[in-house]
Amino acid sequence: MKIRVRIKTVNLRNIEFLIEEAFTGIVRNGLMAFASISTIALSLAVLGAFVLAMMGANHFTTEQIDRFEIAVFTVPGAAKAKADALADSIRKIEGIKDVSILDRDEEYAKFKRERPDFESAGLLGNPLPYALRVRIVKADQLTMLSTKIRALADVDHVNVGQETYKRVVALANAIRAISFAGVIILLITTAFIISNAIRLTLYARRREIRIMQLVGATNHTIRTPLVIEGIVFGSAGALVAWILLRLGGGYVVHSAQRITPMFGSFSSGLSGAGLAFWLLLAGAVIGAIGSLVSIRRFLKD
Amino acid sequence: MFRDFGFIKPHNIVHPEIPKHQHLSPSRFASVGVLGYNCPREKSVMIYVKDVSVEYANGVRALKDTSVTISKGEFVFVVGSTGSGKSTLLKLLYRDMLPTAGTVIVDGENVTAMKPSAVPFLRRKLGVVYQDFKLLPQKNVWENLAFALRVIGTKPKEVHKRIGEVLELVGLTHRCDSFPNQLSGGEQQRAAIARALINNPTVLIADEPTGNLDPTTSWDIVQLLEQINIRGTTVLCATHDSQIVDGMKKRVIQLEAGEVIRDENKGAYQNSES
Amino acid sequence: MKIRVRIKTVNLRNIEFLIEEAFTGIVRNGLMAFASISTIALSLAVLGAFVLAMMGANHFTTEQIDRFEIAVFTVPGAAKAKADALADSIRKIEGIKDVSILDRDEEYAKFKRERPDFESAGLLGNPLPYALRVRIVKADQLTMLSTKIRALADVDHVNVGQETYKRVVALANAIRAISFAGVIILLITTAFIISNAIRLTLYARRREIRIMQLVGATNHTIRTPLVIEGIVFGSAGALVAWILLRLGGGYVVHSAQRITPMFGSFSSGLSGAGLAFWLLLAGAVIGAIGSLVSIRRFLKD
Amino acid sequence: MFRDFGFIKPHNIVHPEIPKHQHLSPSRFASVGVLGYNCPREKSVMIYVKDVSVEYANGVRALKDTSVTISKGEFVFVVGSTGSGKSTLLKLLYRDMLPTAGTVIVDGENVTAMKPSAVPFLRRKLGVVYQDFKLLPQKNVWENLAFALRVIGTKPKEVHKRIGEVLELVGLTHRCDSFPNQLSGGEQQRAAIARALINNPTVLIADEPTGNLDPTTSWDIVQLLEQINIRGTTVLCATHDSQIVDGMKKRVIQLEAGEVIRDENKGAYQNSES
């Protein structure tokens, strides 16, 4: 008997019929279509906004970590040539992104601006040594690389800002953990709310499903149009969610940047097409599974 | 003598879920004569209901050890006062429910021991007119009929032809694009009859098919059922319409409080003795 | 006719009947009760979590702003007595929380630790002047108070960290704006999703509503039990949301603190009872309004 | 002569929403005699349907300029083939719908010009047996009856007493805790009749109240309707049951394609001339 059902599944005429059924179903149940699609759209928009914000935050903190620099100071009184030689030998170490030598006079001017309280009367000229700014490729090699640099000739000491670094990494980890948990929870919530909405639409049609069974429809014949309907609702909702996110997201980023221009590089790193793809996938999958799971209780004989 | 039961496949007769003593054995078939109706030897059995009891969840006993045997090609009226168990008996045949005890065999298939996945294929062989019509509310008359046909895989072209014919038969061609809630009671009933006829069923089960029709239309519909019966379909019709039963002079099975109290060939609505 | 309906409203027996109706309705429609309550619970939990997180962030940034200090430096070579006198006169200004005089030697030691690159060979003793740390009551008086302090005798200059202050205030404003917009959007979303769910439950019962009308029930008689039902569903959902938030929120704060101990004072500043109150209010109001609005289309004659 | 119409309140007669020429003036009442049925002078009018047309959204004309006048305390059968407009005529009386044209007045209230908020109060004066029963599916029989009573503000104690009485009358006491889907067709129909009777309606409107009942029960139910009629309730009953109509010898209004083609006192189901 099972095999007969299978053969029906690949019957092209039958598929056509099932798709037709799905679409008349959607058209005839306007309120349900509206309620399902809008619920799916809003749930997915909230989920999507959260994911985008979290990707943005992750991106932002990762960028902060990547920007982390090692400050290398030459021994007191070392000449420019020595600083240049040191920069060259640091560049040769694997894992170094780039090295730049800071301008001593500029640094001193900046220092005086920052610490006007400093009693500089007794000083002869610029008291600062040469400083090199080293950027590295991978944030987690920070300690290892700073040890290597410290061992080089003419290095007085190395400042890796260990404390600040630890804080930023901890913050990044916290954001990552919270966002991961948040996305999982929101995903479950969204799936649940959507399948609830689908369940209610099916509940309103339970008599119809019963009649179809009595007319001799197999569970497969009843289920397929409803699953197609779920997928269509899910995808339509995803599309609306995408539009909402594009409009709303643009506005939020815009106003955030107006208030705080320092958030320059706050971006999720996800393209519009990528976002659309993931939303559609989520909508279609949740719609299909939601329908599939909800129908089961109404197909019980 | 056993030759006639060849269409009953062995796996349907001996099924692990039926207690041993209820297995369909030829000797049990031979005993149907005691019910007052003698199954003609030359006909094969289409509906075989044996020692069936139905007790609903609320404790109502709708059928009590009822047995009925109907041969291929018969036309049978089921009568009885309201609540006597007519609809319940019919429900067992299209497996809308399972009996508490007993065996039901329809067209050689053991309905009581059937896998759920086989039920749709049983129902496709039957045409049923439900007492409450059960038309799909979101589909118009035409679509209701089309659904019943397409479910069993009929080609679209065939669907059009068949619907046209059947609507003509029940006289509903002019209302084919109306939804059930746009039809009068009698029109809904005729749509339900049309749907039951549409796939040339082996057995036609009609539960009160003329309750909402005027006498003339009722008579036309019953004539139609007789035509279908003559072409070979077994017809089982539960009704309260005494004029029709008396006029048709067919086999009458009378139920009372869940028991068969009369089974007469060429019977009338009322017991001929009373 | 209107007056007759009004009189019915205050009829006690009638109210009893309507409440009875509401509760049989809830009991007889198990699936709907489940679907509505769970949808409301999850939506409110997401809304609540967002509000709490945003209150936490606001609280956190406000605290940062409140902690903001003004550094006041005495003229070079000023004696301790002068610093004391200055501290006293600052304390007299309205809007000052407290003033403390920093230890010059300690500050110098700290400075040397922080800037080891600094060439201190030529210096005679401690080059730092006396520094006073001034905490103020209201962050927005910062500029005004620093101007007043600058005008006092023996003040060399005043450091208000204008740049950092502006950044923190901007950040706080951004968080406030985003969270406000987010709460409004989420509130609308939640209300919409919930009223959609209610609309679907009513759709499944449209025949019932129609029959009630035919039996002679006034719209008021049909509406009241359904609105009570909405309030009960809303409140039940709010209760579940509260439980979810207490459990989940505790866990999140706990793990956040484990990862980043610096988030010590991250708290929404809302008591458990306060949270419960607001959730219940939101649930009940959304449930009532959702029902009220949705019923209208089914009561149309 | 005008004295009899005293119960028709002026605001119902002259309502801003009715076009001037449709206002219910005494002279129009005087002309009801032309319909073939002469309203006895000593009786007052209970149902007044004047020049009513109904055209459904799909273009079907269910009633065509139909006029019917029924006096207080009459017992009237409405007959006609299926789809002739019987149910549509009844629907106008309990304002399930408004006519495309014409005036409907029930118990002195102008139904066609009524504010929506007044409709429930009209319906409370009527008892209606619907062709498709319309029982509340989530309530059992007892609760269905209780709802109808409590809606109109009956005291709980009174409710109990009244339900007991009515269930006794229709013979459904033993099934009072069953839900509609747990009842046979005939039992559902009796529950629907019980609900229509329960609030001692001024007018009882029954649409095919015996379609699912056996002849004996049908006759009992019609006897019950007659009892109620004798106690003063106006009864209007659409039916296809010729035995009942012929047996009762009451006024018969026959519809055909939306027009009144016969209106006879002590009439039969079939036209006596044909």
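A, B, C and D label the chains in the order they appear, each numbered from 1.
Note that in this section a contact is a pair of C-beta atoms (placed from the backbone, for glycine too) under 8 Å apart; a residue touches a chain by one contact, two chains touch by 3 or more.
Everything numeric here is computed off the predicted structure, so don't read it as measured data.
A.B. asks: Which other chains touch chain A while also touching chain C?
C.D. replies: none
A.B. asks: Any idea how many Å lie between the Cα centroids of chain B and chain C?
C.D. replies: Inter-chain centre distance comes to 67 Å.
A.B. asks: Express in whole angstrom the distance between the two chain centres, defined as the mean CA positions of chain A and chain B.
C.D. replies: Each chain's C-alpha centroid was found; their separation is 62 Å.
A.B. asks: For chain B and chain D, let me know how many angstrom lie between their CA-based centres, rounded off.
C.D. replies: So the centre of chain B lies 35 Å away from the centre of chain D.
A.B. asks: By the document's touch definition, which label belongs to this structure's chain graph: line, ring, star, complete, or other?
C.D. replies: Topology of touching chains reads as a ring, each chain with two neighbours.
A.B. asks: Touching pairs of chains, all of them, please.
C.D. replies: A-B, A-C, B-D, C-D
A.B. asks: For the complex, which residues does chain B have touching chain A?
C.D. replies: 94, 96, 115-121, 123-124, 128, 130, 134-139, 143, 147-148, 150-153, 155-156, 195
A.B. asks: Mind listing the chain D positions that touch chain B in their complex?
C.D. replies: Touching chain B: residues 56, 58, 60, 79-83, 86-87, 131-132, 177-178, 182, 184-187, 189-190, 207-208, 211-218, 240, 242-243, 269 of chain D.
A.B. asks: Using the touch definition from the top, list the residues of chain C that touch chain A in their complex.
C.D. replies: 31-32, 35, 38-39, 42-43, 45-46, 71, 73, 76, 115-124, 127-129, 131, 156-157, 159, 167, 170-171, 173-174, 177-178, 181, 185-186, 189, 192-193, 196-197, 199-201, 203-204, 248, 252, 255-256, 259-260, 262-263
A.B. asks: Which chain A residues qualify as touching chain B in the complex?
C.D. replies: Touch list, chain A to chain B: 1-2, 4-5, 8, 11, 13-14, 17, 21, 24-25, 28-29, 205, 207-208, 210-219, 221, 301.
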